[in-house]
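One structure is given here, and the rest of the page talks about it.
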């Protein structure tokens, strides 16, 4: 179904030996699989730095007793409803919530959403996973 | 409700001026808020490096047509059911899925889950957000 | 000689307790010292992202037997002589050299130098330390 | 002189097309060169995480008027003289110095040196480049 092609790589024997050890350690089945992974990782970085269409997740932890915070977060999420696909909410304990928002859209827009959330009082920690729409 | 205390920081005037500019730009309301954020970020890094109890999210993209992949992912998730709280699934297109797993547990155990998933053939990209249980 | 000022930080007791533990572990003498370090680190990141005046080091490893590479590196260094302060050369073994170039100037210009070197055939590894002119 | 070998990589046509675009943009001459670079980068990360023999540079900025700091830095450098190859000193302005130390040795030992310097009062910023002895 997938259109596979093949190309050759010339490489120093010593470097290939070390790479083969690395491959076994990382549980790759063969060189092609490992090389494809390295290629994809570099392309995903490129997608984000070039403001292309990307997908990812924003993860944050907050205290839901913080005054008005839940409403403000919801407000921001609605402002960015075109980017946000869905969200997942975890009750960590009596006070703390972990929320994960899955996003898809232009890299810079997702960056804007991230910074809006990051600057909100009561969000204790926030970080982002920069992933891909899979078109690689 | 929260037990607030206060401490003093001595600092070069020039450094404080630059920090005040930074604070305004990042939309913090006051210095305490910005300082607490810096403190929390360094503590979260510490939690992960010291194998303490953490929370976070693992985000990966895969082609669900890849033979047996869906079953294998489910199998791994069940092997780590103590760590995994819930998962969120997004259909990116006809082939590609974005899945986000929220996790809570010991940092090293979550690292093991991450590496198990990372080495699976058909997972195009994977990354992790290292967050906190909020006990900071 | 240095103009010291003082400001107060209000913080949750629990968070401060954890920070105090962190401070001891990192061998800081007191809270002010640790806070100033956190502040400086965030300001240095800001300097680089805002294309301000910065200082730093570019470190690369290459095989000096690679045809013409030494001359090409020198050529690039001269093209950027306004940025480069000095360089340090280490003979790692019969083939390999480690070279460290100290730089000072606008962040984007230093980025250009880095990318010019990075794309040269024969440079095995290259990375950059993003530091500061100390005006913080 | 160098022992070149060749191996084949099978890859989706769509992924290879994107990689070829990336290669041109990064000024690589051919796929082999780009692949070797990706391989080397992953191996260098491995060398550091596995506490193997590595090389690199530690870059720090400090105020040389800070009492006793210069002597203390020298003392630490002598404690680690087996790791330190040479150092490079830049007078940034009347107060500030940028110093770059080139290092070679076991990754963990270099990490120890880095942390000793990092905890010294008066060092305004410090970071490390994790490079390689070139045996890749």
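Per-chain numbering from 1; labels A, B, C and D assigned in written order.
The rule is short, and it goes like this: contacts are C-beta pairs under 8 Å (C-beta built on N, C-alpha and C of every residue); 3 or more make two chains touch, one makes a residue touch a chain.
Predicted model only: the values in this text are computed from it and were never measured.
The minimum number of touch steps linking chain B to chain D comes to 2. Counting C-beta pairs in contact across A-B and across A-D shows that the higher total falls to A-B.
For this pair, chain A with chain C, the centres built from the Cα atoms lie 26 Å apart. Computed from the mean C-alpha positions, the centre of chain A lies at a distance of 10 Å from the centre of chain B. The mean-CA centres of chain A and chain D are about 26 angstrom from one another, to the nearest whole unit.
Multi-chain contact residues, meaning those touching two or more other chains, occur in chain A at positions 40, 135-136. Taken as a contact graph, with one node per protein chain and an edge wherever two chains touch, the assembly forms a single closed ring in which every chain touches exactly two others. Against chain A, the residues of chain B that register as touching in their complex are 1, 26-29, 33, 40-41, 44, 55-57, 59-63, 65, 85-88, 90, 92-93, 95-98, 100, 102, 104, 118-119, 121, 124-136. Taken in their complex, chain D has these residues touching chain A: 2-16, 18-19, 22, 25, 31-32, 35-36, 38-40, 42-43, 46, 135-136.
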